[in-house]
Structures are given as C-alpha cells and as structure tokens.
C-alpha cells in the first residue's frame, strides 16, 4: 500500500516586507511556479494541502475556503494545517503522507503568510500592551543556552553574518548582504538582550509551493526529483514544571525517529546539508545539539569552526534561512523545500556541491512543535 | 468566591494590498463605477483573477457593469449585526448587474421585506464623499430602482493599492475557577499555585495537571512565598504595534518562586539597574497597597500569564546569589 | 486499502457556556477513551486535533489544547485549523501507510466568549465580502431562498426539519436545545434572515468530541465491535456565491461518487445541518432514500460545538452501528458558507 513520495516541482515568490498582490495572487504565483517546474497544471492535481500560521495574522478565518478557487481546488480535496511556526513543515509532511498512503497520485502543497496585511507582534500579544514578542520570549532561553554551554557571545553574530551572506546568493530572499561581518552584527543595536537587531528574522510576505507525486509520477517528471526518505513530527506540552525549552525532549525524539526511519546513524557525516528553523541566530547551535547532529554543548563549536558555512562539512541554511526571509506560515515549508532544492541540484548560487542527502527542520510554538524530513537525490540512499 | 468577568477586544486595521484585479475594481468603486472582468464569453462581477473553469490567469480586461441590476436572490436581515453595512433592517442580495453574467453579493437598503422580490430591479448608490469612499466594497450599496437618486460623484486621485478593513471583535468570559482563585490571591497579596500529582507546583495553575492528565481542585492550591530567584532575563526594546503603550527599553525577567516548579515569565523589573541585575539573584515581591492592586489583565491564558498589577516592584532580598550550577535547567 | 476502524469515541454535552478551559473539556474525553480500551494514552501512535483560534480570540490558542490530550513524553501530533472530521481524514490517510496502528482524533470549540455572527464573516473573501459582515446566517438565508425559488423546498419543509430534529434531540443526552414543537407553531414565528426563522439556526455551543481509530488487527484487539471506515473523502466548491448553485451541493455529489456511495444501503445518515435548509440540499444531492434515518441525534440544530460538530456526526453514526441500531451509515461534515466544503465518511459494522 505505501507509496514513495518525490518532490517534482518547487515554486517560490520573492519574499518582501509587503508584496503588491492579493492573497489569491500571492499563493497562485508560488503554485504556478511549482506546477511549471513539474510541467503539470492545476488539473493534474488530485488534492491540495495548505498551511499558514494563525488566522489573526491576516484576519482571514480558514483561508482554504476563500483560496479554493485560486488554487484550482474546486471539486477537489483541500485541507489546511496549523502547527504554529512549524506549520509549513507539517504541511509538506501532510502532503507527502497523501502520496505515501497510495490514495493520491499528485498533490500540490502551498504555504504562505501575508504579514503586511496585519501585525505579528499585535497578534502574538492578543492586541494588548507590553507584548514581549517572540524575541522577548526566546531571549531568556538563549541566555540560558549560553550559560549552560559556555558559548562565547560572538556565536550568534557569526550565525547571523553567515545567514545574511548566504541570503545574498538567494534571489528570493527578503534580506541578504554579501559583505556582512560579525563585527557589524555585534555593533547593531541590542534589541532583546542578548539578541542584536541583526540576529533577528524580518517580517515578510511570501508563499512557497511544492508538487509531490509517487514513483510513477517521478518517472515522468522533467527535472530530477527529490525523494522523501523519511519524515517525523513530535510535540510536547508547552509549559509545565521541569520543562527544558533549551533542549526540548520533543526535538531529540523527533530527530531520533527521523534518522531511524532513514537508516542514518551518524547525522553529521551522513547528511550533506541542512535547513534549520533559525528565527534568532542562536537557534542554529541549539538545534544542532537538540537534533543530535553534535553532542550537547558542542553546537557553538561547530558554528565557530565554520562547519555550517557553505563549503563547511555541515552547511546550514544555505538559502539564508528564516533570518533572511520570514513569511511565517511558509518559513517552515521553505526549510523542507530548500533541502529538496539542494538534492535536485537546483539551488543556484547557494548549491552545496554534490548534495545527495539533506535535512529540513521546522519548529514552532514555545519550542514544543517539531517537523523534520530527509530528502535525497536517490530513492534508496545507503549510508556507511 | 468572587466572579471575575473578563472582556477584551481584538482590534486591528488590516491593510490589504490588492493586485491587478481587485485593485482596479476597488479604485473604480471609489470613483463611482463598477467593473466586471471578461472571462471567455462571460463577464464576472465582482472580478476574479483567474478563469473559474480552467484556473488560467485572466488578463485584466475590465468592462463597466451596472449601475442597475436584477436581484436574483435575497434575504431580509431583521436584526443586523454590528458588522453589517446597515444597522437597521436591510437585505443581503445576489444582484446580477446589467452587463454581468454572474451575481455579486451585496446589501440593499429598502423600506421592508415587502419591497423585496426575486427579479426586482435595484440601482447602485455610492457614498457621497471621498472621505466615505475609501476604495472598499462598502463604498457602494443598492436601493430599489424607484428609490435611486441621481449621483454626481467626484472621482478620487490615483489607484487604490491598499484596502483597509478594521476588524474589531469583542470577547467576554469569566476567569475559570482556578484562575479566579489565583486572581483573588493576588488581590490579597499572595501567590497561589497548584500542586501537581508529581509534587511540583505550577504557578499560575491551569486547573488541571497536564502530565498526570487529571483535573485539579481548590484542595490542590498552595500559597508560595513572594521570594524567588532570577533564572534568566532580557531587555525588551518595545516594538510599536496597535495597543502597545511601552516606549522605552525595560528589563523582563524569568523568575522561579521558592517552591515553584516553573518560572514566572516576563516579569517587568523597573527599579533595579541593568548592570546590577544578574542570573541567580534573589528577589522579593513588594506588593502594592491593597486599594491599588488590580487584576484586570489576569486572564485564562497560561502561555504568557499575567500576575496583574499587584506587585509594586521586585527587590533584592539581600541574600547571596544562588550559584549558577545550582539553578534548575528547566525554565 | 488498509482496514481502519473507529474503536472508541467520547463527547461532552453541548454547553451554552462551559466555565472552564478547552483543554479541560478534552482531557476528560481522552481519559474516558483510554480507560474504555484499557491502554495507556502513550500507546496511541498519532494524535491529530481540530480547532479554531478565532473562537476564543487568541492566536495560537490551539497550543493549549495539547495539554488536554497529553504530550509528555512527547507525541507524534498534528493540528488542522478545521473541523475534527478533517483531522480524522488526515489520520485515516496516515494509517494507510501501514507503519503505525492507531490514532487519536480530538475536536473542540468554545464559541461562548465571542459572537459567531461577527467572527465568521472573516471566513469570506477578504476584499469583497468580509467587510460587508456577510455572516453564515445571512448566507444560509440566501441558500434558503434559492431552494424556494428553485421549487426544491417550501418553508414548511424547513420547519419539518427543525421540528423532527428538535424532537429527536430529546433522546440525546448531549443535546443543548431539544423540544417537542409542531411545524405549525414554528411557522408562526417571525423571520430572522428571511425565509429563515431563528429556530432554523443552530444554538451557540461549547463542546468537544474525541475518537480513537486503529488498523484492522489492532482494532480487533482494542474493542469487540469495531466500526469500519469504508471510505472518507471531502471536496470543496467555489468560494464565490455568484459562481455556485446554492440549491445544490455538487461537492457532496463528487465525494459520494468517488466513494462509490450506495445511498440506498444506508440505515442512518448524520448530516452537518447547521441551518435547516442544508438538510434538504444534502438529501437531494446525496439522493438519500426514505428508509435512511437522518440525524437521529437531532443534529447540529440541537448542539453546534463549532470545530467538533462534523466529527460528532461521525461519532453519532458509529454509536448507532455499535449499539446495533444500524449496520451501515454516513457521517457528513461541512465547512464554509452554505456548505462550501463537504466531507463524507461511510461507516459499517462487522457483517
């Protein structure tokens, strides 16, 4: 019964502060580009899966209803996933499941956010004064990570400089700066101590889409497919006594399940590159540790050694990541889309040479939702 | 036990960029005209960006339709909601404007349900001034043909690129029983948490133990001392948004009260200078005088719980700091 | 296709105002289910929830609901901002992969803090409908008139749906509104969104529903009378009312066709009739036979816990198959104005 799933089409909009399209136009642009990449049309889609963060960001409830026409869904199944910041990742995994179930042959998945319609800080604070925002909430955890790991202060700035330099290579990225130095990040204003302004993700509009299909569909695809090797999701309670949000158990469990299904025993060596959800720079070392890519306390050393640069032994966020583009609902999908881009060899200026196996990860909520997948240029990669 | 009503209004003026089809449509409405879009042999109004049958993107080939039209369907709204275009009874209709092949759903102002019928003729009426016509679907409404006035409207300047929609929703609830006891405790100058089945104390309580998955009751409430330890902190640079009143950076700390298993997050520290503030520091809450305490912003939400406006300040207890390696890893 | 069955279910009563949290509503249901099948909550492989942030007016409200169904240690979990019936769809699809055996589906909603008629216009097109406050009640009024004008129903038909549903609700312990009221008395009531009267509308409810499903062998281990899911499909229509025939439900018909639904074989159908005319539209679109009992629970007209209303329909069918009242039945869920989106789930007991 179980079928294999392959990504055969990828589409993105440019990510910007405010895009001059309707929501319909926005999602169509990403969808049409993914369809074109797959050399398919809306008529070829058996089902549509969409994802986005809270409805209050645009003030549109259950947007699958008003976007059904724009996405060619009339007469078809369409469903909408919502798992906070991880939603784009969960959405891609849900779409993959439709294929893997054998019930659907070809599926379109789209995730988006139009942050400029509303205001994220307002929505997160419930419209009340004094909202600390995501940064204000995560900053104390980052301080806690620094204390526990002994990481020097410059590590976050180093991640930020790398991601913004990578973003300059990505034509879709909202932000990118080819010559950004660690010093310049350190000199930017301290906005949520210990987080500097340049260590923070932007607020972006944008959409991302993928066309997924089964083995028969992959055979017909005009461009190389990215095979979904494994995917995993884990959630834990958001707040409870004894919870460790710096190294959440759900992050560890999710990675273990993911690697086990893929047959990966040594992720740092067997995975060629990764896109991790890093809305604030310090989450790069935190997730390198939390997802068992390196031992606890060593994540910052990987960063410091340059291992996570393009050209390093474990490149992270080659596209520039969330630090360069944050269309919230789509940000998680981009983390899963970009690894597909890498193993298809279509990542352009930020291509990791010879990328064969790539990891995508998204997290959400108070670091309590995780969605991850591994894709490969080969349907059955073996690991030694 | 007192009842604590809570009420909040979720209000934001959403600003919607419109694109190549809705933009010209709303621009035309502002100028007193209604546009449909050509799609194959038909004219669709309100216009959409793609062919509903093939899903192909439509070129922006607009046709002026109306201002007259025929009512194809209607419902008389006897008791309008505050979000409706009229606050006295009116009809929602599906009107096929002259020159269009599809209906637009909109509002008709008429004397009563007896004035309404399927097949009746209606006429568009635009709000008179450019202050009222902002480039939104509410710039226009309809009336029975016989009631229509001739209008001479001044067109606006430039293209409408953004349509603003003020969404304002009010929610009314009361504090759940455990939250009401927490609020009552705060008014009495006490921190009331709830002991979970594993022994840890959650503050505020949630009314249940999510780990053991059982409901908790008043018998599980425990009072905690107003003293605790700084686990972490940040300095918040306030970001401007609707409703935000903070303008200057301020210290926001995660504190763990003595005996609690979980931090109080986002506690404002306004009296201790940043360079004297540190992780491991021992603090005590100094409550406001009884008549100045308020729990207006305590609510049922536990993600970022509020302890109301009852603490005057957190001050150092004078005890030595807790060594960093003795702090709990949990937050 | 892998055999998948409903092995346990639980629902709260429909409350006009439930004075505690949504997680607390859910917690009792999940505990009831795991006690019934005598397993630990953490033996369930997957959990999928359905809820809506806007009901309580808090972005990310669904995160709290995880407390209700438990996630410590961490669980394999997802959430749809849709009625729980779509969570069931996603779980059913996931079980088809064959590597996991069981899934918990949770649906919950508390409408009482807000004003649904003011909130739900935000479901409609943000540019040309939502600013008009075009609410589900008004669109239902348009759908009702479309039926009258098409000669497919009379106002008496609407009243008959209400009279029968509210009477059937008297035997449903979870019903919020139930009474014995005659068609004549109903027809004397004033209009609200003509041709609809207030009694053609559902009540405003708080409530939750949960369900445990499992694959073939595991289903038989967990219960004596599994209720098999013989098919589940959902379809959507255009969002633009001007491009729809409101007197018909083509999306329901497509779903029925893809499932190979034999309407004549159904002993029972629980339809997501939030407004009485919807029953008439659905009966005609699905070609239901006279012998099929429709909404014996009273349906959403007796209790409408938004986000759980659709999943509750499937539970009500499963309940009747399990207790032997029916052998085969159809559960229906709907989303959007005037039945824009429809889900069908065919259930059957062991032969």
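Letters A, B and C mark the chains in the order given here, with residues in each chain numbered from 1 onward.
The definition used in the following text is that a residue touches a chain if its C-beta (ideal position, glycine included) is under 8 Å from a C-beta of that chain, and two chains touch if they have at least 3 such contacts.
This is a predicted model, so every value here is computed, not measured.
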Chain contact graph, described as a line, ring, star, complete graph or other shape: complete
Centroid comparison with chain C (C-alpha atoms), farthest chain: A
Rounded Å distance, chain A centre to chain B centre (Cα mean): 27
Mean-CA-position distance for chain C and chain A (Å): 33
Chain C: positions in contact with at least two other chains: 54, 57-58, 60, 63-64, 67, 70, 72, 119, 122, 126-127, 130, 238, 240, 243
Multi-partner residues of chain A (each touching 2 or more other chains): 22-23, 56, 58-59, 69, 74, 123, 126, 237-238, 240, 366
Shared-contact residues (touching 2 or more other chains) in chain B: 8, 10, 14, 16, 18, 22, 48, 52, 165, 167, 210-211, 301-303
Residue ranges of chain A in contact with chain C within the complex: 1-2, 22-23, 54-62, 64-69, 73-84, 90, 94, 97-98, 100-103, 123-124, 126, 232-238, 240, 248-250, 253-254, 257, 365-366, 368-369
Chain C partner contacts - residues on chain B that touch it in the complex: 8, 10, 14, 16, 18, 22, 25-26, 44-46, 48, 52, 73-79, 81-85, 92, 94, 102-107, 113, 118, 136-138, 163, 165, 167, 169-174, 176-177, 206-208, 210-211, 213-215, 300-303
Contacting residues of chain C [partner chain A, same complex]: 1-2, 52-54, 57-60, 62-64, 66-67, 70-82, 86, 89-90, 93-94, 96-99, 119-120, 122-127, 130, 233-240, 243, 250-251, 254, 335-337, 340-341
Chain B-facing residues of chain C, complex: 19-21, 23-24, 27-28, 30-31, 41, 54, 56-58, 60, 63-64, 67-68, 70, 72, 112-115, 117-119, 121-122, 126-135, 138-139, 141-142, 144-146, 149, 190-196, 238, 240-243, 246
Chain B-facing residues of chain A, complex: 18-25, 28, 32, 41-43, 56, 58-59, 69-70, 72, 74, 114, 116-119, 121-123, 125-133, 135-137, 139-141, 143-144, 147-148, 189-195, 237-247, 366
